[in-house]
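Here you go, one structure.
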Amino acid sequence: MRRTIPLALTFIIGLYPIFAFFVPHARITYANDWLDEALVIVAAFALPLGTVNVIMTNTSKLKKKAKGWPYSIVLLCGLAIMAFYGLIGGTGVHPSFQWMFVNMVSPLQATMFALLSFYVASAAYRAFRARNIEATILLIAAIIVMLGRIPFGDMVTGGRMTPLSEWIMSIPNAAAQRGIIIGAALGAASMSIRIILGIERTYLGTGKD
Amino acid sequence: MDAKKLLYVDRRVIYLLVAIGALIPIIRPIGLPTVPTEPVWNLFNRIEELGPDDAVIISFDYGPSSEPELNPMAQAILRHCFQRRVKVLVMALFPLGGVNMAIGQLDRIASEFDGLEYGVDYVNLGYKDGAQAAMKRMDISIEALFPSDVNGDPVADMPVMAGARNYDDVSIVISLATGIIGEYWVNLVNAQFGVPVAVGCTAVSAPKYYAYLRAGQMMSLLGGLKGGSEYEKLLVDKYDFARELYETPEVKVSSAMAGMDVQSIVHLIIIVFIIFGNAMYFLMKKQEKEG
Amino acid sequence: MVSIGVWLNAFLTLCILSFLYKDNPFFRFAESLFAGMSLGYYIGLANQQTLMPNLFGPLFGDFSGNFVLLIPMALGILLYFRYIPKVAWMARLALAVYIGYYVGVMFLQKLHGEVLPQSSDTILRLRGIGGLDILWNVIFIVGVISVLLYFYFSAEHKGALGRISRVGIWFLMISFGASFGYTIMARISLLMGRFSFLVNDWIRPLVGAS
């Protein structure tokens, strides 16, 4: 029962939006709209779900004084302060919440991702090799597109680089991406049907009950 | 010349060269030209057709990790909409930072224009969880999904909402997206409800989105900082206020057009790295064969 | 005059950038702070922007008219039961609804929103248009079909299928090269953003330069 009822729920709730798409009857649509409204709220509860796990892991680390435990204090303090100002604001963004986002969360995330530019440059120098035909095609396409995205490309080729770069993006690139999109979409659709029909059950966990 | 030594140089030397290449044009801007492309023209021309009786949704679906790429295009599009006096509904469906990106820019950009009033000409509806569930809900009622704005004030009495009850009243949805949310606007909202969708995306997503652009599922695509610089160029060429605004130091340093200077220098550095790295690799192979 | 927010912003930026030299306590501190604050941000955001206006507001404002909202509220709370071993199985009920809804919507998105429009747009004109446009259309169709056939792994890639798959690989390489070029552009933009902040918002006001 502990697995049967969830599987039945997945089947009914999963099929309903598909059914409602093809049957535009007022009552069917009404129930579908209510489902949309309900899932917005459930998604809001789901968003911070992983936080509980992180809190448990880091408090355990603190208790055992495991390696790196001072950083767990930093993590938990950051979490607590941000959550506090997020909760006391009621409806609407608290000014301190916005301030901390702009001056702390935003630069931290932005700089983390900015590090990637250095790694990409290092990879371009050390690893990007024209070892075979395929790699050479990749390299040439990359250089043409990179030159086409900057003014220098047009300046040295008399304005030809941008149109060439746009052609690469619109024809061979778009063709390949379309093939990938169609293939991936068919795969995702078949996985969706497998979950709805209960063939794929890994999302329920591997518990014995 | 020892090719192997050059090939396996300390990576911090590479980092230093990239850092210098990025810093120089920031300290001494070059002012390289920008040429707009057709995908960007599409959105510009469409907004040129709109006026005070039209409403657009601008969805801030990005966070700090995409701020330098998408902030300039967000500001340029907002300026264009405000200049045309189009009603603007701002929202966010991306959880990490979308709503804060909007808060940081919307009122500041609106204050550059005389006579614009919050709640009458534009509104920041805030963030909503659920992505697809939220998008589907807006086909029935935008107000039902967003009963209050980002500050918690009820939107029911705001005049701007009177002309924007659901997707039928919206001329375009412009999604400034860092990831999959941009695709959802296309494969759900455009596909199921027929709303024209324009996407301003990070450069990482742009190659994939060309397939959607070709199929007409997106009416416009602004890819990365270059897309933003092209839109700014169109704005500056068309409107005197934009030409003067983008000459002021505060706006100029944060513009996409200025950012293209850094792009150009560092792109050239990386192209040199690729060519030089390959040259050293083949030289090393030759030296190993001879040795 | 540089505000305390800008100083904090600059300090945290330099902490993260210090990792380029080597791993160090400043970077680890900034990394942990980022992880914690991001999670706290999600809690605050979900509460402020969705739960208060769409759940608690209507429930406390007009309970009799909105009591059905107790159902999604119960489902949301049930999700957290997975952390209590004795009643962890109850979280499956909420998960079943959540997963079921989104796979149902995803099924429509993928087929109706991607497969059909992308496939129909691939049926391109090969007559009655300008010469070069016919060539581009032929190249496009060949590209899509060859890439799709490359991803067909139910048959061995030899003979005709092997040759077509090879063409598919070339199209994929062009696309990956274009993606690499665009990815470099994206990463450089991020670097530019941080350096621009450090130079224009922190150092220049500090030294009084414009």
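A, B and C are the chain letters, set down in written order, and residue numbers restart from 1 in every chain.
What we mean here is this: contacts are C-beta pairs under 8 Å (C-beta built on N, C-alpha and C of every residue); 3 or more make two chains touch, one makes a residue touch a chain.
Just so we're clear, the structure is a prediction, and the values are computed from it rather than from any experiment.
**Student:** Of the pairs A-C and A-B, which shows more C-beta pairs in contact?
**Tutor:** A-C
**Student:** Let me check something: if the centre of a chain is the mean of its CA atoms, which chain is farthest from chain B?
**Tutor:** Checked the centroid distances; the maximum from chain B is A.
**Student:** Which whole number of Å gives the spacing of the CA centres of chain A and chain B?
**Tutor:** Computed value for the inter-centroid distance: 18 Å.
**Student:** Can you give the whole-Å distance between the Cα centres of chain A and chain C?
**Tutor:** 3
**Student:** Could you check chain A for residues that touch two or more other chains and list them?
**Tutor:** Within chain A, residues 21, 35, 37, 39-44, 46-47, 90-93, 101-102, 105-110, 112-113, 117-118, 120, 124, 139, 142-143, 146, 149, 169, 173-174, 177-178, 180-181 contact more than one other chain.
**Student:** Quick one: which residues in chain B touch 2 or more of the other chains?
**Tutor:** 15, 18-19, 22, 65, 67-68, 95-96, 99, 126, 128-130, 133, 136, 145, 148, 150, 152, 192, 206-208, 211, 214-215, 224, 226, 263, 266-267, 270
**Student:** For chain C, jot down the residues that touch at least 2 other chains.
**Tutor:** 20, 38, 41-42, 45-46, 48, 50, 52-54, 57, 101-102, 105-106, 108, 110, 112, 114, 118, 121, 175, 178-179, 182-185, 188, 190-191, 193-194 - these are the residues of chain C that touch more than one other chain.
**Student:** For chain B, which residues are in contact with chain A within the complex?
**Tutor:** Contact set of chain B toward chain A: 7-8, 11, 14-15, 17-19, 22, 32-35, 37-38, 63-65, 67-68, 95-97, 99-100, 103-104, 126, 128-131, 133-134, 136-137, 140, 144-145, 148, 150-153, 192, 206-208, 210-211, 213-215, 224, 226, 260, 263-264, 266-271, 273-274, 276-278, 281.
**Student:** Report the residues of chain C in contact with chain A in the complex, numbered from low to high.
**Tutor:** Interface residues on the chain C side: 5-6, 8-9, 12-13, 16-17, 19-20, 28-48, 50-55, 57, 68-69, 71-73, 75-77, 79-80, 83, 88-89, 92-108, 110-112, 114-115, 118-119, 121-122, 136, 139-148, 150-151, 168-185, 187-188, 190-191, 193-194, 197.
**Student:** Report the residues of chain A in contact with chain B in the complex, numbered from low to high.
**Tutor:** 21, 33, 35-37, 39-44, 46-47, 90-93, 98, 101-102, 105-110, 112-113, 117-118, 120-122, 124-126, 128-130, 139, 142-143, 146-147, 149-152, 154, 159, 162, 166, 169-170, 173-174, 177-178, 180-181
**Student:** For the complex, give me every residue of chain C touching chain B.
**Tutor:** Counting only chain C, the residues touching chain B are 20-21, 38, 41-42, 45-46, 48-50, 52-54, 57-58, 101-102, 105-106, 108-110, 112-114, 117-118, 120-121, 175, 178-179, 182-186, 188-196, 199-200, 210.
**Student:** Considering the complex alone, what residue numbers of chain B touch chain C?
**Tutor:** Within the complex, chain B contacts chain C at residues 12, 15, 18-19, 22-23, 26-27, 65, 67-69, 95-96, 99, 126-130, 132-133, 136, 145-148, 150, 152, 184, 186-188, 190-192, 202-204, 206-208, 211-212, 214-217, 223-226, 249, 253-254, 259, 262-263, 266-267, 270.
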